[in-house]
Amino acid sequence: MDPTSSGQDSSEGATAFLLNARGITKSFGVTRVLRGMDFAVAAGEVHAFLGGNGAGKSTLLKIVAGILDADGGTLRYKGFDVDDAAGRMARDQSLAVVHQELAVIPHLSIAENIALPRYRHGSSLFNRAAAQRAAVDALSLIDKDFAAQSTDRLVATLSLHERQMMEIARALHSGAEILLLDEPTTNLTGQEAERLFTVLRRLVADARIGVVFVSHRMQEIRQVADVCTIIRDGQSAVHRQPVQSLSDAEIIDMMGQSIAAHDALAAAPAPSGAPSLDLRVSAEALSISGLGPEVAVGPGQILGLAGAPAGPQALIDQLIGEKRRAGIEIIHGGRPRIDRTPHEAVTRGVGFVSGDRANRGILSTLPIIDNMVASRRIAERRRLVRADEAREAAGLLAALRIKARSVWDLPSTLSGGTQQKLIIARWLNLRPQMLVLEEPTRGVDVGTKRDIYTLIRAMAEAGTTIVWWSTEQTELLELCDRILAFAPDGRATALLDRASLDEEALAAATGLAA
Amino acid sequence: MDRAPETAASAPARTGALRHIVSSYRSEIAIALAIVVLELALGIFVPNALTMGNFSDIAQATAPLIIMAIGVLLVVMTGGIDLSVGSVFSLVGMVTGLVMDSGFSSTIATICGLVVGVVFGAINGFLVTFVGLAPFVVTLITYAVAGSLAFIVTNGHSLPINDQGYWLLNGGHIIPGMPNFVLFCIILLIVVEFLLRRVVFGRWIYAVGSSPGAARLLGIPVHLVRFSVYVISGLLAAFASVLTVSYISNAEGTAGAAMMLQAIAAVVIGGASLFGGTGSAIGALLGALMITVIQNGVNLIGVNSFWQGSVTGLVILIAVLIDRVSKARR
Amino acid sequence: MAYFMSLRRLLAAATAVACVAVTAGTLAPAARATDKKMTVAYVAPSLDISYWQWVAYGVQTEAAKLGMNYVGMTSENSPGTQMNNIHTALVRGVNAIVIGPVSSSSTPPVLRLLAQRHVPIAFTGIGPQPGQTDYTSAVTANNYETGKAEGTFVCNLAKALGGNKVGMLSLPQDRENAQKYLKGAKESFAADGCDLVQVLQTHGLTVNEAVQEANDLLTGHPDIKAIYGMYDEAATGAVKALQTRGLIGKIGVATADGSPETIKELRQGEIQGLFLQEAVGQGIDATQQVYNALTGKPVTKDIPLAEPLVTKETIDSPQAQATIKRVYPPSAGAF
């Protein structure tokens, strides 16, 4: 077959789209997820792809990436239909994807992870020196310091945020003409995100590549995207409109999920205000020393942790009994808190919601009910599965407004954001003494964010001390009673009180852009 | 992950329970049907296959395998594997026979045998859980050690059991009309199925296999769960062994050699994933039954024994494919 | 977690130390230096069946009687391991070898090597490949003749019980002795007018498996009147199956080999005939032959031992008792 004639897209005329999806439909069982979705990406643009949870965004991205097959519609890459061999070849050669769930191979080195995907044949010899050069070149695109380190390190030893950088670097350096970035900035600091945007703009301008950019952060959408497509109920509510022509409110409105509250933060309940307790003498207060600033938080208060992962991670690990770090001392309820295992911590009243939902949050082969009541069973030392657990779980689902067909379904039938609500809800009504949250709003849409804020607030009001790490400084500023800020090297730099909370102070203390 | 068919439902607690039971036993139902079809097809060629006598033979032949497979199932469900069960089976038989041969009562001999199983289970559990070695490697080691100890304890001789009453353990009737080996299998099935569905510890077994990281952070005592399943697996392999010794009045050093792979195959046929997190006791039982039914059928039809492995392999493939198909349509 | 990591390391180290100690303790006696006595090595094909251990017992006792040292090895049913064992034995400086080969066809390279080194070798149980001559002696059972004799016996058993249909529980048919037994038995059945309705082969040589096979045999062919067992466990399994069905005495059983169990069953009338294979005797005779070769005495090249029939009536005769003592060692059980 001659791809230039039969497969060529003639209807588009002069506007050659790198990627052109028309009328895509896709159903799972009886559920129609995509109902004739249009999506086109031209060369030389950053294209924001927006949509609420459950709108069909991930499904379309998977179809575009070739992970799923569409039921109907046409999909063309550089004009070649994907039903033909030429179209599939165009896709394989021109598309690079950074998935939300990172696709890295932990047991291989950085260099191997970056270079391996370029080998098309298993029989090729692996050139280690070339791989290392490629890795350094790729990493230099977004972080010179990272590139200067050894590329022989195993990916398993990297932090989540380093893995994210590596994966982005791999995609940027792959020579792809279409870059598909699914929430690439979630694990990045402000500076790194800034560098990423610079590289993207340069690649778009110089190499005329097309970038699809998925994000929930309005600020960065404005910052980097030229046009946007908004998906709603499996169709394009907005197709290829310049971002400048739409207001934030219009965009949020069209995402369709939060009609009542345009701004999640505005709808969230306000902080409880300063409790009248004297923290130093309160029997239930949590105090942390050895980090620099002395921290004390009372029951019902929210302590925010801000900054790059190193510092908050170490503190969280110790709070939940995962790993102890020399120098940090925690006094809780008047006594030193030493939990040697997460089991000990949980039975002694510490709840935890991990930021790594796929690996450390959801129990994927167990039904929703087990996922919801898992913590209850341990905290209340239940021996038998109780008959009323189904009602308990259904009640929680209703309270959270989670739409599940049944509590016996697997969590994979829920969208990512809903799963997140689910694992936070494990602790609802349980009134743990302390609840530790690791980026609970990462990768969820605005509507779900609002729900999560409400949950957190409600749990604080029930008397739980909340420790909350987030890389989104705005939410910390809005909801926390005090914020402990960490520098990128893991040092705690400042403890900001409600009175002194503002973006500049936080930015200064964390070394990150607001 | 937006492929959420989040259609509204008013009372998800109640509506799902029955559907859940049907759907969660989907692969078990499929295997049960496959066994029935297989047995009926066999009856066309060999009418005697469908007699009570033959069913009783099959039940007797499969009982030890069922007991062993349920133990292996629990280990597999946590994402581990127990390769040592066959060797433990052999060793326990020899120890039981030896203790009885030395003049002790059959009760003491049986207890000694069970203790040996528990000890090997505990060694497996200790090395996997607290030393942190890979289950495959650990149980490969105990497989080798127990297998050689089975020869060492009696210098390789097989031991006849002279206690005339010992067969009652297997063949007696605690409940009139039901031989003990059937009773034991039923009790074990009910207990383990109850453990897995209704006891929190059972749910922990699923959770540990599903996501060890999440289970740990939830505060589930992952080490305790892992350790326990290996001990249970050792105990059940030992129990299967004393039952067999009671049945054939004989202890042999190679008695369990073929059983390890059969037990693992039974667990897999029964719908459990070797990656952990799924499986049921009834599935393991049906898997074991399937294997025995195939052997019985091949013998009855008179297929040359050289072909037996191929036939077994093909039928396992079919069973797994049925499971695959029944799970894909959801 | 730091606390736990160190605990794990500690436990790993402790386990390792314990393992080293146990291994050293086990191996120390075997590693003791040997004196100037002559040494005979016995290379068994495998040790998972009692038969080869009983041969080993014969070699060991005869070696002690002749003032020789004894070394035992096992080939795990692998010709490669068998060859390695021979090399190891030569390195250890053994003077003679008694072998139960993995198979006849695995013997030529062994014989070639030993002929070069002028080390005498005697076969037990399984003989060398036909056409090979470079060996000292082959002490074997005459499986073909035994097969014929047992075939006739089983056929008569069936006729006496009112039928002519018989079933067989066979050793795996990839073994030469199994093929010879079957050939002999089939010839007898044909000559005597019996119908061999089914041959089931074992895999694991366990009683448990034989019970299942006997059950399947009886379900598939309820009209058989006698069962031909090719090895002890087969007969014990058949007896077990007959017991549960209340068919003892209504269906006859005979087998080759002989073990404490089958002799007990013979005495109890559950087995009607036993063709004794002198495992211990093969070891004794083979050792005697290599000793003769080393000391310059005359050797007998081929010693095909008959497998004599014993029944409930003849088992306590002095002759039969003397033969049983050449079947298994006293430690295996009563005679």
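In this document, chain identifiers A, B and C correspond to the written order of the chains, with residue numbering beginning at 1 in each.
Here, a contact is a pair of C-beta atoms (placed from the backbone, for glycine too) under 8 Å apart; a residue touches a chain by one contact, two chains touch by 3 or more.
Everything numeric in this text was worked out from a predicted model, so none of it was measured.
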Notebook entry, point to check: Chain pair with the most contact pairs?
Noted result: A-B
Note to self: Going by average Cα coordinates, which chain is farthest removed from subunit C?
What the structure shows: A
Item checked: Chain at the geometric heart of the assembly (C-alpha centres) -> B
Note to self: So the centre of each chain is just the mean of its C-alpha atoms; given that, what is the distance between subunit A and subunit C in Å?
What the structure shows: 68
Checklist line | Whole-Å separation of chain centres (CA-atom averages), subunit B against subunit C | finding: 32
Next item on the list: Averaged over CA atoms, how far is the centre of subunit A from the centre of subunit B? Could you give it in whole Å?
Entry: 42
Checklist line | Numbers and ranges of subunit A residues touching at least 2 other chains | finding: 322, 341
Notebook entry, point to check: What positions in subunit B touch 2 or more of the other chains?
Noted result: none
Margin query: So in the complex, the part of subunit B that touches subunit C is made up of which residues?
Written below: 46, 48-49, 51, 53-54, 57, 60-61, 64, 126-127, 130-133, 151, 155-158, 160, 171, 244, 247-250, 252-255, 257-258, 295-296, 299-302, 304-306, 308
Notebook entry, point to check: In their complex, what parts of subunit A are in touch with subunit B?
Noted result: 28-31, 33, 51, 53-59, 320, 322, 341-343, 345-347, 352, 354, 356, 359-367, 370, 374-375, 377-379, 382-385, 390-391, 393-395, 397, 403-409, 412-416, 418-419, 426
Check: Can you list the residues on subunit B that touch subunit A in the complex?
Finding: 1-9, 11-17, 19-20, 23-24, 197-203, 206-207, 209-211, 213-222, 273, 276-278, 330
Next item on the list: Mind listing the subunit C positions that touch subunit B in their complex?
Entry: 7-8, 11-12, 15, 47-50, 53, 172-173, 198, 200-209, 211-213, 215-217, 219-220, 222, 233, 236-237, 240, 244-245, 259-261, 264, 331-333
